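Just so it is clear, A, B and C label the chains in written order, and each chain counts residues from 1 on its own.
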Amino acid sequence: MLRNLVSIKDMHKDEILLILMQAKKFAQGEQWHAGKQMFVANLFFEASTRTKTSFEVAERKLGLEVIPFEAGSSSVLKGETLHDTVRTLESIGLDAVVIRHEADRYYEQLINKINIPVINAGDGCGQHPTQCLLDLFTIQQEFGRFDGLKVGIVGDIRHSRVARSDAEALRKLGAEVRFSGPPEWFEEEYLSAGEFVPMDKLVEEVDVLMLLRIQHERHDSEAEMTKEQYHQMYGLTEEREKRMKTGSIIMHPAPVNRGVEIASSLVECERSRIFKQMENGVFVRMAVLKQVLEGRLTNELANQKWQYSC
Amino acid sequence: MLRNLVSIKDMHKDEILLILMQAKKFAQGEQWHAGKQMFVANLFFEASTRTKTSFEVAERKLGLEVIPFEAGSSSVLKGETLHDTVRTLESIGLDAVVIRHEADRYYEQLINKINIPVINAGDGCGQHPTQCLLDLFTIQQEFGRFDGLKVGIVGDIRHSRVARSDAEALRKLGAEVRFSGPPEWFEEEYLSAGEFVPMDKLVEEVDVLMLLRIQHERHDSEAEMTKEQYHQMYGLTEEREKRMKTGSIIMHPAPVNRGVEIASSLVECERSRIFKQMENGVFVRMAVLKQVLEGRLTNELANQKWQYSC
Amino acid sequence: MLRNLVSIKDMHKDEILLILMQAKKFAQGEQWHAGKQMFVANLFFEASTRTKTSFEVAERKLGLEVIPFEAGSSSVLKGETLHDTVRTLESIGLDAVVIRHEADRYYEQLINKINIPVINAGDGCGQHPTQCLLDLFTIQQEFGRFDGLKVGIVGDIRHSRVARSDAEALRKLGAEVRFSGPPEWFEEEYLSAGEFVPMDKLVEEVDVLMLLRIQHERHDSEAEMTKEQYHQMYGLTEEREKRMKTGSIIMHPAPVNRGVEIASSLVECERSRIFKQMENGVFVRMAVLKQVLEGRLTNELANQKWQYSC
């Protein structure tokens, strides 16, 4: 039983496949309701449209009450710790929290100290497990399998929450991972997960080309390369797309820097699953929410005992 | 069938009257529900209480799920284009978006490129069609007709979204429009829509006196005139109100600058429909939302085909 | 019939007890719905997690539609008065507003000028009646009575909304109030409400120890004392907690400054009711909302008459 979702590393292959199976059911129109009024909040301490909105829609589709939380006008401004903020939300009656926070592994101050499930929507340069799950779901939807698939991950690997989670999970599930992009944005430790290959070679080999977003906000020394230079050297140009294998697909976590990671004309091309990924994100998040809330409902009697003994 | 609402110019006289008729039904207590869970978002890139709240209440009255969107904490900060933001919301499952944006004609990058309806809640100095419709509705509610009515529009005409929309629509419907206010805030091009008349003459002639808000935030050279001077020269003073025709009414899009456009004591006087306009705004917006969502429901099969072929 | 809740001073002992009784029913699982769609908004012009979220959950539990209101992006920025903002919300169809505002007695510009109930969620250094009610509820829940109870209030009494409300209400209900903390943060006028006692003496005497939050944001001359010094002189240290009476409890409105007002290790100790207070806050706010909305429903016909005569 999934009690929290903080890192893809913690998840068994079977747990991952269970989530994907449930997501598929939701994509096909299955409905699930808790059977009672349940409350969640999305605590986003970093800017986000996609992920926050995706969780919000997933929550509403499950009939949950979504309690607004604005980091910018919260008591965090009065110096309250994240632990005390979440503990407060628990006392007020929330049944789960979704958190994005700039601190790596922020969740360590919460797990086992807070009595409600925590879903990690991104921690610093660490994990982003629901993005990973929606990537996996999109691949599974396309190919029906992971075994033997060749997946190329390209770009700002060192700063990417997505690269780490995806590479690990894909290997767990039997896919073969390769990396490309600027060598100075790669790290040796990734070599255990997959080979580093020049971009022009990679595009011809892979079934799935996962482009990562250049996180301008995390780079100081960007001056070294213009956007146009990046595009020519490591981006998916129109020319490179033509050399991709039949049936191969393009993915990107978005927001896209048009003309940098990918030519603007390719964003909605036939191979692109970029907007499909967003659509799938809702179903995957519904599946995750369902799992942790079912756990919550099961543990509820125990929780109440714990609360009243306090 | 109304697919979007971006400008009053695009609307036929009959389309306008149809919206007003539906708004009247909602004012009388009629209810409408989509028959399924539908999602909308209000994207306000400029400050607003009235319009945003009015849409929100209208949406809730129709049983819609309103997905929060904070421009200030969205991926727009990461440089995402408006098109990509709205395209994202479409992928995530939204059924319509309401947008206020500081750029004139921002909607041109969306219409026919996005597959969900766009309702314009104000673009730069351009259009503000739902404000226009609520003004029309308030006039119709009062007089039961437009033909032969004399409507005076006073104030900051050059910078006013409302003035342009209203003047055009009123003429379409048979009313006679006149303008007043500081001559330097008027533009020749408006003379085709109606005469420019001194304020002291105007107040005695009109059935409807529409005062516009001085948009302090859009004027640099305001120093030329104090607020008190404006009030004496172009405002509705207590003295001028006494000279208005029997049965004539006062309108203002609000927020009111008390003591500038209108004497503070007149804001809630018997002639004033200022707060009535706000009440009516909800019914008019319900009517617009109903129309575009009915269009959406009709087109849904086609849309789904389009999405899956991608 | 409670029409507004702005100050605990306005409330009769019986009115207070009625709210507490209703809160108890909600804590025991009683449900209440208005029987029709009703709209509320929470206008928080000052940062808050606890109070805003608590109201939001209370409102959802009563099935109310909560209309988002962001002070930072509202027309208040365009210079609109609080009166005109709330009058606008009334026109748009809201049935009640909850307001926190930095101005003392901000509500005087609203009461009897606005036709919908106002619930005060904190005004400047003035009142914070729902915090007071939840404190009372927590005490009643613990001891079943107020008569003869000794309650100590410690800390930043001069700047505390809570201290004023609580001291008054507790005396009304028969409890005995004492104060402690830095003498320069105390004011003579409070002596009529209760004695000033050294902290080391106080902890041994009281049944309820109410610690107040040091409002760093309201103190300029804080340099005079370090946090550690405050803790040693006026805080609840581990040593002092050991000398508290059997069965006595610790309360704090939160957010807690750990290691200042109270040792971090005591925040969730057996005596602590800090998180219980938050839990109770929801039930008390449900009770308040129910009362004012019942009043609203009763007055509705009258209100409508008033609106249409305008």
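Please note the rule applied: a residue touches a chain if its C-beta (ideal position, glycine included) is under 8 Å from a C-beta of that chain, and two chains touch if they have at least 3 such contacts.
Keep in mind the model is a prediction, meaning the values are calculated, not measured.
**Student:** Mind checking chain A against chain C and telling me if their interface is mostly the same residue numbers on each side, over half, or mostly different?
**Tutor:** different
**Student:** Between copies chain B and chain C, what's the superposition rotation on C-alpha atoms, in steps of 5 degrees?
**Tutor:** About 120 degrees, rounded to the nearest 5.
**Student:** Roughly how far is chain A from chain C, going centre to centre by Cα mean, in whole Å?
**Tutor:** 39
**Student:** Which parts of chain C, given as residue numbers and ranges, touch two or more other chains?
**Tutor:** 68, 70, 72 - these are the residues of chain C that touch more than one other chain.
**Student:** Can you tell me which positions in chain A touch chain B when the two form their complex?
**Tutor:** So the residues of chain A touching chain B come out as 44, 47-50, 53-54, 56-57, 60-61, 68, 70-72, 216-217, 254-258, 268, 270, 272, 275-276, 278-279, 281-282.
**Student:** For a test of understanding, state which residues of chain A touch chain C in their complex under the given definition.
**Tutor:** Going by the criterion above, the answer is residues 37, 39, 41, 65, 67-70, 72-81, 84-85, 87-94, 307, 310.
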